[in-house]
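Worksheet for the structure shown next.
Order of writing sets the chain letters: A, B, C and D. Residues in each chain are counted from 1.
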Amino acid sequence: MADYNTMELMICSAARELEDGSSVGVGTGAPCAAAMLAQKAHSPSLVIFFEAGGAAPLIPEMPISVGDSRTTYKAVMASGMCEVMETACRGMLDYTFLGGAQIDMYGNLNSTRIGPDHQKPKVRFPGSGGANDFASFCWRMMVMTPQDSKRFTEKCQYITTPGWLTGGDSRAKSGLPLGAGPYKIITNMAVMDFEEESKRMRLIAVNPGYSEKDVQNNCGFELLKAKKIVENKPPTKHELTILREEIDPYRYVIGR
Amino acid sequence: MQVIDQGIGKIFTDPDADKAREFFRKKNRKLESKLMSVKEAVAKYVHDGDYLVLGGFGANRIPAAVAHEILRQGRKNMGFAGHTSTHDFQILCAGEVFNRCDAAYIVGLEARGLSPNARRYMESGKVEVSEWTNYSLSVRFKAAAAGVSYYPSRNIMGTDTFKYSGGKIVECPFTGTKYFANPALYPDVSAIHVHEADIYGNCRVRGITVSDFDVARASKHLIITCERLVTEEEIRRDPSFTVIPYWLVDAVCPVPYGSYPGNMYGEYFSDEEHLREWMKVEENPEAFKAFLDKNIYSSKDHFEYIEKNGGMHKMLKLREKEFLFLKARD
Amino acid sequence: MQVIDQGIGKIFTDPDADKAREFFRKKNRKLESKLMSVKEAVAKYVHDGDYLVLGGFGANRIPAAVAHEILRQGRKNMGFAGHTSTHDFQILCAGEVFNRCDAAYIVGLEARGLSPNARRYMESGKVEVSEWTNYSLSVRFKAAAAGVSYYPSRNIMGTDTFKYSGGKIVECPFTGTKYFANPALYPDVSAIHVHEADIYGNCRVRGITVSDFDVARASKHLIITCERLVTEEEIRRDPSFTVIPYWLVDAVCPVPYGSYPGNMYGEYFSDEEHLREWMKVEENPEAFKAFLDKNIYSSKDHFEYIEKNGGMHKMLKLREKEFLFLKARD
Amino acid sequence: MADYNTMELMICSAARELEDGSSVGVGTGAPCAAAMLAQKAHSPSLVIFFEAGGAAPLIPEMPISVGDSRTTYKAVMASGMCEVMETACRGMLDYTFLGGAQIDMYGNLNSTRIGPDHQKPKVRFPGSGGANDFASFCWRMMVMTPQDSKRFTEKCQYITTPGWLTGGDSRAKSGLPLGAGPYKIITNMAVMDFEEESKRMRLIAVNPGYSEKDVQNNCGFELLKAKKIVENKPPTKHELTILREEIDPYRYVIGR
């Protein structure tokens, strides 16, 4: 039963969110593995988009870049950045998976910098890339990330990518498309969603081997808790077989 | 127009469409050969202080030969669009080529990690940075390609990415919806690597086009490097395939394996071994200097660089990787 | 947003991007066969009162079979985009299908002259008209394709075309330049004729694409007619060639010679003889009624229509014209 | 010497305006013939654009439609309407040739309607098509038209396509791109340009066989007159040979 690691569990949890006939914008690494797993395990019609232009490929192996040839292998279309982002902006992309150096209680993400001086940061990260765009446009934004209290922070030093902003109706007021926003946060310890009114992060499921307290102890802000917190289901044999043998045989993602 | 809010980032290029028109009015439309070496093209069209765009996507279909030549010719104080700029960004940082940057994706190499040297440069305070997103930079090119000074989009609002951008928030005159106004970006010079071009500059691209369709149209000067020269007759045989027409182009430089060490769709995969070596050696500034001397400054052109890194044997191996006969990360 | 001036024309479709998003959220993304007859497609996706767009360019790569079927099924009170609409416009006017029209180019057939019946219809007062230009209609589609509610352009200002349009004049927040704001046009349903499609709706087009790239993306429902079905494998063999991906498409109807009597790039030229006959017979309403009965109302489909007008012998001749073995106007 | 008709003269006059290495947006008929003649006679590098997407074709015979296959024959690119119009808007198109049912002293054109009621016009014409766009964007707009005082009217009943609007700096103030506007009007009787300050139509050349008075008598408004009015040069043998034998052997345009 415990013959899996937390990365494998996270990928399986994420994959289960992607129902057949839905569409998802992904990057490299774990999100891509989750989309590939969903497609092979239960959602053959999942439409996978890469921001550089690859649309609905039959991904033969994990891409290194969201623009490399793997992202257009036997694809339906090799397009460009405007095509993909505008497809998302029209409302055709259901999901996206993102990450970041910091995440706050409203699901806002920092992938730009640490340190107060923008022109001379202490640490410079890549910035938005397409993350801000996917998070603005895709109906449901999800995050796969390790859980620790530095990363899950009271306040991001810089908001690269919009979550629910300052909660409540702040996102709707900002001008971002209505109805889209953070949906689930998947960590090594738990799964969180967002409370409907306040838009604050809320614990809904705990992974086997962790307690609610573990989760809160590894979170830099107070988590809301769902009325009923369930235990997250472990990966099935079927999922693990696909993940290990077909998707990531060299364990680039799941082995680390 | 009523501006609801605006970023504090600088706009490094003039979005004025009438000024761009005055430039394009004088741009050459003659059907004449633009064949030249990368060295000539960079000498002629890339100047200190110019705003530069490199096509492709970081380490995919990038004009690597042009980036190296810019370092060899010692260009400085340029502006640069960090539009998923990965290995190309790494090269330009190595030469400290630019001092202002529109950042959407920089310093990283996607799944490969972050470039130590690019981070050092971007944390040094030597570079003035405005923030955007990949799509916003695409829209800025798209607006310039359309010959206007701005286009609206629905991203970015509510974030610090907006705050440090040079954009503004306006309202739709029909629906009252808020929009991020993206100022048009007309680069002084761009370089794009393509699969096929004729001597006049008519180009075909296979696979993803990223933002190159718009970058080509937005740019005041455009340097094309190509895997293969084809005849004008081949271009005219089926005009459906032309992505960049000749009147946009100033220089055509045939550079087989021109995206190396980057990936080229349908041709060769990226050289992950070499890219790992590059990332690793950046950790040690002295070693990195020697590495750059060997690979860029003491190489006379892209072919010598390739020769030093495995030559045609390596190219054949990368072709096998591209076609999945070998795994990408081997 | 400060509006400097605005046209008095009506906007017949809702430019609101959030409402469009709500529709597209529910649009089917499953990879499943959409093969059906033109009759089924029109019954299912074209409704009285809908706003309709026909792809191509008047008498070039037009979905003629869909236009005829719309008449046979008696659709009424539709909205229509007269975006260089020539022979297709002539067909729809014959059925008095629409009662509101965004006009850019209507009633004419270019070098062939004006359609007497289309003119009668447009002079009857039965049709409410807003004025635009070809480019402005293109931009309206382009804005919708981008998922926004407007895009700015630099045409139209200062003219009566502006005055009778539904557009507004705004200022660039960066340069102060005046712009014509084009409201996004999200059609209820569009029909586009393409060279090749698979059963899911992945399409390839050769030659000019006119505005079909954007029309396909802007439309809530999309009917594809194609010259040839191809396999999904052929589409995926090189994704560089796909112009319309399957998730935009609701119906795929194989209709060889589907643009007849219009031109189809690389396939067959327009039937100028038949188009001349059509123009001529329109001068006499009684004769025109009989002509329509014969060619549309009493034909069960496009093949019967073609059969009545020369059948495969005619098609072969038009193919010879396309390849310049015969002169176009013979 | 007089072995040519006025249409042939108009086409030759128009063709001479198109210098080598320039670009032009054209429609069907006489403008297309003029562009083809220029390309074959003296401007091999003339770049011809059609609004539907054809770019730099080697036109094999007169097109019937600006979107028919003749407009992309051996072309450099088969694109679309946005591509062509945005190329023009960027300032890459030097010339365009247009026409209309009415033209006024500022070069404004009516190709939309006759009669005051827009929703129930006395005569409905096609409307702008791409004319308004080309006239807005191309640096120099030219008109080829028969000269009569009904067509050359004091005031267009409807301005479809912008000329110099109400003259002076009115066009610059309108928001249309700076520096572009009507350049030459080529008729069966004469050639006109526009006076620099007032932007009023000005007679600069008269065709052989016509007088200044003929021109004014066939114009519904007062024409300005250039200091020196020249006689327009007749077609050369070379031009006529190309026009008659290569471009329009069936005399679709020149014969009528």
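Everything below uses one rule, namely that a residue touches a chain if its C-beta (ideal position, glycine included) is under 8 Å from a C-beta of that chain, and two chains touch if they have at least 3 such contacts.
Remember, predicted model here, so these are calculated numbers, not experimental data.
Steps from chain A to chain D, taking the shortest chain of touch contacts, total 2. In terms of their C-alpha centroids, the spacing between chain B and chain D amounts to 40 Å.
Between the CA-based centres of chain C and chain D the separation comes to 28 Å, rounded to the whole angstrom. Chain B and chain C have Cα centroids lying 37 Å from one another. Annotation for chain C: residues touching 2 or more other chains are 17-18, 146-148, 153-154, 177, 179, 206-207, 239-240. Multi-chain contact residues of chain D (touching two or more other chains) are listed as 54, 72, 78, 82, 89, 137, 177. In terms of which chains touch, the assembly is arranged in some other way, matching none of the line, ring, star or all-to-all patterns.
By the definition given earlier, chain contacts exist for A-B, A-C, B-C, B-D, C-D. Only residues 1-3, 6, 11, 15-18, 146-154, 168, 170-177, 179, 181, 183, 205-207, 238-240 of chain B touch chain C when the two sit together in their complex. Those residues of chain C that touch chain A in the shared complex are 17-18, 20-25, 27-32, 144-148, 202, 217, 235-237, 239-240, 242, 245-247.
Only residues 20-23, 44-45, 47, 54-58, 72, 74-78, 82, 86-92, 94, 137, 139, 177-179 of chain D touch chain B when the two sit together in their complex.
Across the complex, chain D meets chain C through its residues 27-29, 51-54, 60-73, 78-82, 85, 89, 108, 112, 117-133, 136-137, 158-162, 165, 170-171, 174-177, 250, 252. Chain contact summary for the complex, chain C toward chain D: residues 56-60, 82, 84, 86, 103-108, 110-112, 114, 119, 122-125, 127-129, 131-136, 138-139, 142, 153-161, 164, 169, 177-180, 206-214, 263, 265-266, 269-270, 272, 322, 324, 327-329.
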